[in-house]
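Below: the structure, in structure tokens.
Chain lettering (A, B, C and D) follows the sequence in which the chains are written, and residue indices restart at 1 in each chain.
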Amino acid sequence: MTTSPTRTGDPREVVELSGHVLDTGLFTRVLDDVRSLGGDYEVVRFDVGKEHDDPSTVRLAVTAPDTATLDSVLMRLHAHGANLVDVEPARLTVVERDGVFPADFYATTNLPTAVRVGESWHDVENPEMDCGIVVDVDGEGPGATVRSVRTVPVSDVRAGSRVVSGAVGVRVTAPARVQGDDSGFTFMQSEVSSEKPQALVVRQVADEMRAVRASGRRILWVLGPAVVHTGAAPSVAALVRGGWVDVLFGGNAVATHDVEQALYGTSLGVDLSAGRGVEHGHEHHLRAINAVRHAGSLAAAVEQGVLTSGIMHALVEGGKDFVLVGSVRDDGPLPDVHTDVLDGQRAMRAQLQSPERGEVGFCIVVATMLHGVATGNVLPSHIPLVCVDINPATVTKLTDRGSAQARGVVTDVGLFCATLARELTGSEV
Amino acid sequence: MTTSPTRTGDPREVVELSGHVLDTGLFTRVLDDVRSLGGDYEVVRFDVGKEHDDPSTVRLAVTAPDTATLDSVLMRLHAHGANLVDVEPARLTVVERDGVFPADFYATTNLPTAVRVGESWHDVENPEMDCGIVVDVDGEGPGATVRSVRTVPVSDVRAGSRVVSGAVGVRVTAPARVQGDDSGFTFMQSEVSSEKPQALVVRQVADEMRAVRASGRRILWVLGPAVVHTGAAPSVAALVRGGWVDVLFGGNAVATHDVEQALYGTSLGVDLSAGRGVEHGHEHHLRAINAVRHAGSLAAAVEQGVLTSGIMHALVEGGKDFVLVGSVRDDGPLPDVHTDVLDGQRAMRAQLQSPERGEVGFCIVVATMLHGVATGNVLPSHIPLVCVDINPATVTKLTDRGSAQARGVVTDVGLFCATLARELTGSEV
Amino acid sequence: MTTSPTRTGDPREVVELSGHVLDTGLFTRVLDDVRSLGGDYEVVRFDVGKEHDDPSTVRLAVTAPDTATLDSVLMRLHAHGANLVDVEPARLTVVERDGVFPADFYATTNLPTAVRVGESWHDVENPEMDCGIVVDVDGEGPGATVRSVRTVPVSDVRAGSRVVSGAVGVRVTAPARVQGDDSGFTFMQSEVSSEKPQALVVRQVADEMRAVRASGRRILWVLGPAVVHTGAAPSVAALVRGGWVDVLFGGNAVATHDVEQALYGTSLGVDLSAGRGVEHGHEHHLRAINAVRHAGSLAAAVEQGVLTSGIMHALVEGGKDFVLVGSVRDDGPLPDVHTDVLDGQRAMRAQLQSPERGEVGFCIVVATMLHGVATGNVLPSHIPLVCVDINPATVTKLTDRGSAQARGVVTDVGLFCATLARELTGSEV
Amino acid sequence: MTTSPTRTGDPREVVELSGHVLDTGLFTRVLDDVRSLGGDYEVVRFDVGKEHDDPSTVRLAVTAPDTATLDSVLMRLHAHGANLVDVEPARLTVVERDGVFPADFYATTNLPTAVRVGESWHDVENPEMDCGIVVDVDGEGPGATVRSVRTVPVSDVRAGSRVVSGAVGVRVTAPARVQGDDSGFTFMQSEVSSEKPQALVVRQVADEMRAVRASGRRILWVLGPAVVHTGAAPSVAALVRGGWVDVLFGGNAVATHDVEQALYGTSLGVDLSAGRGVEHGHEHHLRAINAVRHAGSLAAAVEQGVLTSGIMHALVEGGKDFVLVGSVRDDGPLPDVHTDVLDGQRAMRAQLQSPERGEVGFCIVVATMLHGVATGNVLPSHIPLVCVDINPATVTKLTDRGSAQARGVVTDVGLFCATLARELTGSEV
């Protein structure tokens, strides 16, 4: 392996990282951070541990378009225990005003840290994250001696103190492999979070759907009943009519509540136009089921003019496919529901690669764990799967069960569908 | 108390409810259900239990515009143990097709139930909710004897069976006071749910804000940092500019991340325009704090051209008030933050009834438990308070702590603010 | 209705409550509070609103064993807007030390409040909860004039101030019916909370099980697979062997993971004795299923010596009943699983009132929403149902679907089962 | 790098993995899986991608004590796209009974898969996870042609079919880097889960505490008020008396509710001995605060005999340290509470390395996000930190904010503390 500069003349420093670099996923995070902060890298040397307990050592040449960016990258790499190979003294800047750091102050991690002053390294007395480093020196010039090197929070720094600027001359000790690694503890690097910019995610999903449709492949939706309870049925129906839903997977509940809303304006007893709760209201969903059983099927109910709106109506009218599979908690069920779960699984598999209908190219699961996991079970890994739910546990479960291609969106189902429908169909439902 | 018919000629039946009608909140639910299903009521008799363990008895005359509605109301009241006073035999309808009930079938509760056939009451053998009741009779006419009265799920009913139609001639036994009432058990009548039509709720909040502004009172927002992480800062800034935010309460975090986004385009390390994670990225928020400390205050940072966008910028530009109160987890903090929490509480109180600025008439808490509870603590009960969070526990806590006027909206904070801003300002952020 | 003193000589006051007393459930809460604080009541007068929009008025005579308790009750009733009928001036106490109230200070609500000084009522300027009330007076004696009556937090009270003591002479205005009542808002009086003393709850469940078993009725358990993942299988097996499990309802997953643990020591890839994760490990559960399919049934696998431990083994050995019903997400399934959900429902119903086996008298649902709701659907209302889950949403859903007898316990499933097994069987698993 | 066999004679195969092996953390997972299934490895060749977009190629020699284990490891590595270097035909076994696979059947992933039959590779038509692979052949011997190679779920396999056994002759295609990687999507590899064997975790925490105490370092507890609400205060007090709590960090709330329980037997209005709710009950906590303010401090309240039980009492009696820092939502507060948050932070820092008291060696955070994050902010990285909460979001947040040494336990706080106290002190509270 050889070294080749990415661009001649760009600022460049070589850092070294050693320890259980691969086992802990550390190396991946280091590379990601270099890129995300605007830098680039080459692997200068890589000595991989031959056996499980051997440490590895990596040297990276890091470059960046300018010194400030490079400084920022180097400071970040400190959080992973990557130090500069070249040894130079730290740069110290005098604080001008109480409670204010110089603009390029070194922001600390909570790792063991040392600062090079003159010819020697000095341990930071009290590692603490998100502080600056103050160096106290007695005397001046070559004969000066370092009295203390310590972290100071910004509110406690005083004018006249000398604070470390930039990452040169600062060295941290890599975090050891966490001791509890083989225990039952929960190690958290969770990225399941509701604190994400969701409007952006809606646009990304819309873009993926556009690409899949343009390629002639089909879009599969897997829906739970909360889609109806949250008032999203008109949005989903608009998406069906707009050609953004080719196949639907679901259970008895989503179809029943959709029909209930079409027939009675309620969903599990909630009057959806007024938002007013009709307590329990169980008769409505039972009567909706009975009405479709009387007609014979959902398609017959549409044909007979019994069912005139909603998601199921739109699917029937548009000649779209749906597979409804029952569960032990069902009332009824609707006549279209597979009551044998193995039959249901076979019907789902048949839709994934239908010779007449074409291949599914994208799958979106909204507000259902049961049918989402069932779909994940039969889906090949190359079909992208997006899971939308207000409950982070649902999206986590879907992937814990092995659907590695799954991506999660933790958001409000009703507002998500409305925003997606507006993005794709222009309709304001 | 006298009886007065609500409208002469409307169908009318008298029902009786007895037991611990008041203690259990049952009476309230009965009255609500009559109204929500389209009926009306008069209290014909009310014998309230004098002491704690005495039962009460209530007679209600229930009316409805038509018999079908009245039937529907009477069936619902059965779920609460309210029976008709007049005794008539049940109406039986013969099932025409396997697996389909007659349209007006009686939908069961899971309470002990009896059906009147001829002159006598017959207990339903196996109470189960969401079924029909099949009556098997040996022989014909007056000499006929009842062989069995049992619940049957719709999928198991057979053509030729006789099924109870309507609520006449059906009697249920009121649920006894739940035995565990004084225990540490959790009795659930929770209405905190994410399964609500949120688009409707946004419009209701918008209407309330319009009314408060029209009345000359001020609108108070209490914000947590997730407002910025979810990409909602531009929406909130648009609401500030549109005049929909008069006062802001919050902590160091929301202001810091808002400034961080304005200065670096990130919030706690997430690049909000690309939705791309910049791991940790702690320097950015520290440097944002340091920059404002260098300027001297948020207002000074705006004046010096350091801070040119975001929520805090909009508040400063618009001359709006804000109270930021620190907490023990803060970095920095920003110079505008009250580090003494009692000082902070006093500043919050001063805003509620400011002689110069006028009175707060509406309060909306978004994505913060700490500052939401703090605001609930100092808010008089007559000021409406709406709490928006993706986590049901946050809204529940706010009210458990005594803020009875609080209403909760469990939804995605980012999409909620974007939808509200579009509704109130027409802006598409 | 007449008045009868509960015990002659006990301190007694009459309070009045008016407004939408019944509609809002207020009356129930008032009666509960009187009792929970150690007082008693009689209803002296009750004028119930005849029609829906008419207000009601109630007069209660409240008694307590001593004046301090009565004071405490009266202060609490203020939070509900119940005021004393007799009008006397408030009692004022002089504060002795800065920042400390007198011991019997009146603790405020956030309702509009007035204090009687001399012959007239004075509005509290700034209602705020959890404060004291300071009365400032100019002059002395009969000619004195009230300058201000205001709430003061304990940290701001100063020596020499006059603070209201006790509830006499304080009047609050009842909260109006919350305006958003008919909206889609979420009104929270949630009692689903994880902040409860769970050790106590375990003892209560144990007591109920003892009573049911002593009465000769059967105990039904409904289990989800998390019972096995959390390491609770040995505890549940001990309960089976101890005779505390008569029937089991569940799905393919709980039985599969129980067998997987018995055969391989893992559950969905987690090595349960070491707590060490075996990523995915999907083969294990598939091979467990295949092994039982090869044997022919769970009973055959026990007989052939293939299955020698775990919950299913204990059930087979003890001749206990179980009903396993499949779902669309199942792998396999095990040969004992009903793949048709209507068949499964029928098998569940047959267990509830088995002529040979006797009646189910208690039902406990642990860590499963699907099978919990399914069981709630077929359970008569008189059978107590306890639902244990770490996720509050699961217990909430179970009751929202109509199982009013359900009580929830939000706790760790593994520790709950271990503690219950120790309580009932003495076994330390 | 050279090859050295781990043990001569052990079964051994060489696999190759290529693609973005490092960027995606794949390599780490591969190595972990080899070990967790009982195998071992050496790195035979490692060609690391020099620049960011270059793929890497790794060859691993995998060994195991026996062929069955090696087979199991090789099948697992398929899930990561690692294939055998040596090419041999797949081994086919004839199915003996409908619905039952041979014991060593190859369990599929959902990746694109090919099977070697004779001299050529055949793509599996319909990749689906958790199935077997059936090979249909026309004819016999060398002239035979492969008609189809497809996945079949166990319930659909028929006697006479030929099923792939073992991993030899099966090849999968590595998952490409997930395309949405740079998006705002949530990629889930979450390990925050409540489905863990918690009894084991309690023992691990106990062992760590024993080791830290034996080494002379101090144990720091950070507590939220839910510790008291869940009835855990007596357990924690027992731990204090047993010498397992050297320092306590917390807020006004945990100390107030602890004192409230000591004085009134309630915590925020819940009667903890009966588990019975006393609605709101706000006076109690206010009166508890007032009583301690009257005494002058917690220590004075203990000395004066006002405070005689609970956590704070045990700390005072044992001469232990505590730092209480206020927040904006506090009532009171107690006189011991730092109302200035920067003062509070300084007091916390001073405890971490107290010259007189010694160094903190272990930190446990129970049921508090605010004080947990605050502690994480000031803690050096080498001090282990365990976070216990029933809410997964709390533990996730703690680590997202940068405390990489944090490990989470999602469990019931009350049962956790009771079990830990029994483990460490033998006390049954």
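FYI, a contact is a pair of C-beta atoms (placed from the backbone, for glycine too) under 8 Å apart; a residue touches a chain by one contact, two chains touch by 3 or more.
Since we're looking at a predicted model, the values are computed, not measured.
Because chain A and chain D carry the same sequence, their contact can be compared by residue number, and over half of the numbers here are used by both. Greatest Cα centroid separation from chain A: this falls to C. A straight line joining the Cα centres of chain A and chain D is 18 Å long. Taking each chain's centre as the average of its CA atoms, chain A and chain B sit 29 Å apart.
For this pair, chain A with chain C, the centres built from the Cα atoms lie 34 Å apart.
Multi-chain contact residues of chain A, defined as those touching 2 or more other chains: 32, 129-130, 153, 155, 183-185, 191, 196-198, 200-201, 204, 270, 274-276, 280, 282, 331, 342, 345, 377, 391, 393, 402, 410. Residues of chain C touching chain D in their complex: 29, 32-33, 36-37, 72, 75-76, 79, 97, 99-101, 103, 105, 107, 129-130, 153-155, 191, 194-201, 204, 226, 229-231, 270-272, 274-283, 286-287, 289-291, 293-294, 331-333, 335, 390-391, 410-416, 418-419. Those residues of chain C lying in contact with chain B across their complex are 1-2, 4, 6, 22-25, 27-28, 31-32, 35, 40-43, 46, 48-52, 109-112, 126-130, 153, 155-156, 175, 178-180, 183-193, 196-198, 200-201, 204, 342, 345-346, 349, 352-353, 377-382, 384, 386, 392-393, 395-396, 398-400, 402-410.
For chain B in complex with chain D, the touching residues are 182-185, 251, 270, 274-276, 280, 282, 325-331, 339-342, 344-345, 348, 370-371, 373-374, 377, 391, 393, 402.
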